[in-house]
Amino acid sequence: MNAAIPFSAQLINLFAAVILLLAFAMLAQRRVLALINLFALQGLTLCLATLVAAVTTGQVHLYYSAGLTLALKVLLLPWILYRLVKRLNVKGEVEALINIPTTMLVGLVLVMIAFNVALPISELSHTITRGTLGIALAVVMLAFLMMITRQKAITQVVGFLSMENGLFLAATSATYGMPMVVELGIALDVLVGVIILGVFFFQIRDQFDSLDIRHMERLKDN
Amino acid sequence: MTSLLSIDILLTAACAWGVVGLLGLVAPRNTHFISKTLFPLGALVGVLVGLASLGSLGGPAQTAVLVIGLPDLPFHLRLDNLSALFAMLLGFVAAGISIYAAGYFRKGEGTAPGVLCLEYHLFLASMLVVLLADDAYAFMVAWETMALSSFFLVTTDHRHEEIRRAGFLYLLIAHIGAIAILLSFGVMTGGAGDYSFAGMRAQQLSPFWSSAAYLLALAGFGAKAGLVPLHVWLPEAHPAAPSPVSAMMSGVMLKTAIYGLLRVSFDLVHATIWWWGVMALAIGLVTALFGVLYSTVQSDMKRLLAYSSIENIGLIAVGIGLTLIFHAYRMETLAALAMTAVLYHCLAHSAFKSLLFLCTGSVLHATRERSLGKLGGLIHRMPWVAWLALAGVIASAGLPPLSGFVSEWLLLQSFLFSPGLPHPWLNMVVPVAAALVVLVAALAGFAMVKFYGIIFLGQMREPGLKDAHDAGTWEKFGLAWLALITLLLGILPSTVISRIDAATQQLLGTGLAAKLKEQGWWMLAPISPERASYEPLIFLVTIAATLLLGRWLVRHLYHGRVRRTTAWDCGYYFQGPRAQDTAEGFSQPIRRIFEPMFRMQRHFPTARDTEPYYSVKVEDHFWYWLYLPVARLAGRISTLIVTLQGGRIAVYLMYSFITLLVLLLVARP
Amino acid sequence: MISISGLLGQAFAILLALVLAPLLSGWVGQCRAWLQSRTAPPLLLPYYQLQKLFHKDVVLAHGASSLFRAAPFVVFGCMVLACAIIPSLSTDLPLAPAADALALVGVFGLARVFISLAAMDVGTSFGTLGGRREMLVGFLAEPALLMVIFTLAMTVQSTSVATIVETLAHRELVIYPSLAFAGIAFTFVSFAENARVPVDNPATHLELTMIHEAMILEYSGRHLALIEWAASLKLYAYSCLGLALFFPWGIAPGDNFLALVAAIPLLLFKLAIGGAFLAAIETINAKMRIFRAPEFLGTAFMLAVLGLLVRLLLESRV
Amino acid sequence: MDFFILMLAIPLVSGALLTVVGERAWAPNLNIIASLGTFAAAAGLTIEIVANGPRFAFGEQFFIDSLNVFFVALTAFVGLTTSIFSGPYMKNEREHGRLTAPRLRLYKGMYQLFMFTMLAALTTNNLGILWVAMEAATLTTVLLVSLYRTPASLEAAWKYFILCGVGIAQALFGTILLYFAAERVLGASGNALLWTHLIDVKGQLEPTIMALSFIFLLVGYGTKVGLAPLHNWLPDAHAEGPTPVSAVLSGLLLNVALYAILRCKVLADGAIPNAFAGNLMIGFGLFTLLVAAFFLSRQKDVKRMFAYSSIEHMGLITFAFGMGGPVANFAGLLHMTMHSLTKSAIFFAVGHATQKTGTQLMADIRGLIRINPLIGWGLMLGTLAILGMPPFGVFASEFMILTHAMKYHPWATPILLLGLGVAFAAIFGKVQPMVFGETEARRLPHAPAITPVFLHLGIVLTLGLYIPPYLTRWFHEASRMLG
């Protein structure tokens, strides 16, 4: 990163770094509600990053995109999740399969991998935000890691949504966003998905008396 | 013009069989219609097939291309002399079996008669198409259809666990064999991608690939034919199947495997390498010896015959091996001799083994009993079946003047003239192999005496046997038809060989017909009368004349008085049926002499037993040496692999993650 | 092709066999008695016995089937055929091409199968026992016999018995070591095949040792006569075969009438020697346990194979 | 009216309608009529495409060429037969008390919506919409899988959702990267995700990005195809959902996911040298085949076993497309067709069988042929067909795949054959006692619909012996498009 980077790009890079930081924070966070807050914060940062990109490039659909992010990932989804946690009365700490420090270490390795994988591609990008592609990939991977290590259904969903954030960041950073129709479709899918999941949580709790996914290990072959 | 028609006739016949089979579905429960109309119709088609093939023997090859098949590879059909020979075998034997089946299949035996009729005729049709197929796809389709239809026939009485297991084993090994055959075809295309047989003939493969193709074919066709160690299905499937089906499988289906092996080794692959022959010879010998030994110790009559089929297939393989050896060293006359032996034995075995299996069918119907230990004395109740079975038994024991002896004689002749092979080792080993062949033939006699003596002779071992009845008219006719073929093959070898010689000539370029024409039709002297000759007709006439003359003289000079009383038996008082040898007892010397060949579990009674009994169970070594270890290995791998599906979603996600990471890190364009 | 003299010679050979066979049996019996210091039965005893048996009624067991009644005739027919194709006096036999050496073995096999089946027919304990033992001996003896024939056939390049004998009889004197092996093997096989000590004892009725006798226990009258006659024919056939193969001198080559006449006394002489030899062997050996028979015949087989290998090794360019 | 619009509109509208009225007595008929309409429209569209060549719809957002029209026809056909099958099946389920009226509504509505999403996924020209439709298909099927609301079905649906959701997310990353690569050539217009545009410039796409993109797409959509080791959701979802759903999952959804990979592979092949995409697919295909084959022998649940069989076949098909070239592509397409038809037929038969016997455990199912010969024979023949026994069509395609492999990848042939052999032993050994043997029969309140089973098997049998020339032309054209 040399000094020739314009301010806006520096800003976006900053936001991207914050998103990565938040991803790590989510990985380390034990409490569900805090996790949802972090997720909302991550969405907000993403929204801001998109907004900066929109202002810089002047592309209209990036504004829509930012608006969509704000509506969906900062307000609606966290709200739904929040309601679910309250209604389902999810209490206590989130237990991880692997302890947190180890997870963090693995996360670090993943970030290195992600950066290395993204490096040759970033160099090809002509957008001002190209550096963030590696970060986006890292966020996706960290979200993945979170889904692997967490044992509550709801945290898996948060991880899943965080992954979407990473993807969104990638779309923004590498290409200034996907075509509008696609973004709308993605947003719709995510929304419907979360609603269906919400329904699911109730059914799962009815059937298993818990949202712990360790109860759901009966279908197996060995 | 007639020669042009043959392939069309055969094709029509295959369709006709299909149609006859489908007609069975019209009224699947109407036993009378199916057995008295459709099966005789099928027999008629069989005769037609036999005659048409007989007519086309010696003529030029005829080809046809059908519209069906793969887009780039429509069904190619070709009727050459080799196909015609085997189609003739199929037609004539099928005719006899179908006629017999018309009287055999009855109500209430598992599968509905209509379905059975469909399966049976599909089986026939597919065998015919196997023989006609001239490309790999058509061949494989027909081959597997044959396996499938016969599988369903084997499991006709599927309510029994062991029959289902037998069927499964059969289909599994058939399938593995089919895979090997497919691979063999693949090798033979030599990467040219032309899967028609013409394309394979055009390939000039290196010795390595030729050998690969040959070995795969040997494995694939060997699995179908029942060569050791892929024979295990045979003694299970044959007893499980209804008798006409056993007859068809043993008599005809095994021969299609021989056909395939001949087709590949002599027609499709050009090179011939001497060790191919040694290999076939060795496997054949082991198979023959194994088959005959196990055949002697069986106590189920159909298993006994099934093992005897293994033995015969082994002998055929020995002949093929010998042919390959001679062919590899360009000793064409001897190769032709051995090849003739092979083809002749195929014909002979088809007829006499079907005959014997059908006889067991009649016995089974009359007594509901397959175990030799519960039969006996049936010659008094079933004279027709007994006397016709005797023809099969003599032929199967390889005794003159019936068909089995001719092929054995030819085989031994070709062995006898093997010195002169430019390979010293072979020179030594081949005659010893001949001795083993003789041992096999002699043991076959033992097995056949056991088979016949225990079923038909002696006292009835169970009281229920008194109600046994002879075969019905249809059945008698079928049996007589096959017995007639056996007799004709036995006493007219020269005539038959001059017909089937066309196939030998096609495969080897030389034949025996020219030599045979120099002598009379009654004389079989393939090389020259001074060196070896056999005149079965004169042989038969001499014995018959002596017999009749002797009888007439004795009656004329003395008297023909007969008195009946109880048996003498050195004056022993107890002469009940239990005093006779059991099936196990009869084979006791064999078990004792060849003890290492068997895996035996014996139970001896002791003095303190309240209910003393003796039992012996003979099992197949190969089962423990080959099949169970393979099954265990597969089981272990499965155990290892199913841990992938452990039920934990986190682990599943991790698989996905690791896959992604590995690909990201490793995969590079 | 087939000359009148040939036909006459053939007919004469058959008649001679029919006549001489019981005599040979009688001669062997007499020799045995002498060697065992017993009073010898008359030489013509077999003829008297046949005469007696033919006169007697046939007593059939209740369970005997038609096969039981047919078997003696079949066996007899087989043996006549065997005698017809083995050159005893002359090699000019019109029936000879009907069966070569391999078919000859087949003829013996056919007879064996029939007699074994007949033995099983009545369904007595001894019958089945005899039948199975006979088949046991048979399947052990046949390969050995075949190997002997192979050895000879390879020497001569023919399996026709007549050709073999002709060639062996009229060659210049060459020592074939292989023939020695083959000869011993052949002797072994002959003993086994003809129900002789050490494999079997035709004179015994002891249940544990019987083979041949056990099979024919139920026969009586003319049937028994035919079987006994067939048995002596078999002995005759084996003797002639052995003599023809290993001591072929004196057998007439073709339609040479003088040679044929000269052959008769020579044959009688050779048979007498052979019979005496047989009796001697029987006397100095003890009957073996039945399960020693495989070893005995296995030895024969090994010898025959050795003969074959020796032939391949030492004589292949002869 | 435009066949294409009709084809998409009918399932969408009827889906919405059935969500409301799905429990009525005539609803199954409506379901069938809607499926019939869809099929008719699809058939019309097919004829149109075959006659006039490729066409667009909704601007350039949808594009129908001979490749996807073939999948469309297949999808609509299996959709129709499945709806026929599900009529009596669902009635019986309701009689048994396993389903309530709202669930039936949900089932029928979701079924039609699922058809819609699949047809949309197949016909879209926009790789982004393709992704959206795939995700939507996942969502509808999640609801279908969890229809019984039993613990097991919820667990299965949860795993399905999470695993496929994550997978699909990776596919989205791949799509983004693809867009990224395309944008450099096509500019930031909306066209950069349109396949018709991409295919024109595929040679200019940056190989590094494309390689990365293809990896993500392969892992992503591959999860949905069921490539090992990404397959874990598949057996659970198949076993625990209602049987009609298993039939369409196996018969259609896997195909559609594979179709998505194929579309991407064409682009990747154009951009990346050294058959990178093909080799990846060959590797995945072989591994999947082997793993699935060894899984088969340990199965106790009949639907689960056939689910693994689907995985196995998907592996084989992936391998075929990985080899590439007209013959292998032809074989792959043929095998997809055969597998769809056969596997759905098997699931139909299995569905009736499990209803009759009241269990999915194979050890408890015996003597089907005596309960109902047609079901028994249907299952037996279907099994033999899926195992690649001639004269069924599966053998035709396997023959082509194997022979092609022997020519170009001889080392792979033994692996293929090992997999097929093990699968044969495992499946047949378990199906045979189910079909044969003794049993006590049980009557069902509603007679089963056997027609679809034999209709499918009849087609498979016919195609095994004779592939009509127009079908051949069509397949050839499609395989040419795949390069």
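For this structure, a couple of remarks:
The letters A, B, C and D name the chains in turn, as written, and every chain counts its residues from 1.
As a working rule, a residue touches a chain if its C-beta (ideal position, glycine included) is under 8 Å from a C-beta of that chain, and two chains touch if they have at least 3 such contacts.
What you see is a predicted model; the values in this text were computed from it and never measured.
Fewest steps needed to get from subunit B to subunit D, stepping only to touching chains, is 1. More inter-chain C-beta contacts link the pair B-C than the other of A-D and B-C. Chain geometry summary: the mean Cα position of subunit A and that of subunit C are 101 Å apart.
The distance from the centre of subunit A to the centre of subunit D, each centre being the mean of the chain's C-alpha atoms, comes to 31 Å. Mean C-alpha positions place subunit B and subunit C at a centre distance of 35 Å. In this assembly, the C-alpha centroid of subunit A lies 69 Å from the C-alpha centroid of subunit B. Contact of a single residue of subunit A with at least two other chains is seen at positions 117, 144, 147, 156, 213, 216-219, 221-222.
Among the residues of subunit B, those in touch with two or more other chains are 639, 642, 644-645, 649, 653, 664. Within subunit D, residues 158-159, 162, 166, 170, 208, 212, 235, 295, 298 each touch two or more of the remaining chains. Interface note: chains touch in the pairs A-B, A-D, B-C, B-D.
Interface residues of subunit B, counted against subunit D in their complex, comprise 67-72, 112, 136-137, 140-145, 147-148, 155, 158-159, 161, 164, 167-168, 171-172, 175-176, 179, 182-183, 186-187, 189, 191, 193, 195, 634-635, 637-642, 644-645, 649, 652-653, 655-656, 659-660, 663-664, 667-669. The residues of subunit C lying in touch with subunit B in their complex are 54-55, 57-63, 65-67, 73-74, 76-78, 80-81, 84, 95, 97-100, 102-103, 106-107, 109-110, 112-113, 116-117, 120-129, 131-133, 135-136, 138-140, 142-143, 146-147, 150, 153-154, 157-160, 163, 205, 207, 217-218, 221-222, 226, 290-291, 294, 301, 304-305, 308-309, 312, 316. Of all residues in subunit D, those touching subunit A in their complex are 61, 126, 128-129, 131-132, 135-136, 139, 142-143, 146, 149-152, 154-159, 161-162, 165-166, 169-170, 172-173, 175-177, 179-180, 183-184, 188, 190, 192-193, 206, 208-209, 212, 235-236, 239-240, 295, 298-299, 304.
For subunit A in complex with subunit D, the touching residues are 59, 117, 120-121, 124-126, 137, 140, 144, 147, 153, 156, 160, 163-164, 167, 170-171, 174-176, 178-182, 185-186, 188-189, 192-193, 196-197, 200, 203-204, 207-208, 213, 216-219, 221-222. Within the complex formed with subunit A, the residues of subunit B that make contact are 639, 642-650, 653-654, 657, 661, 664-665.
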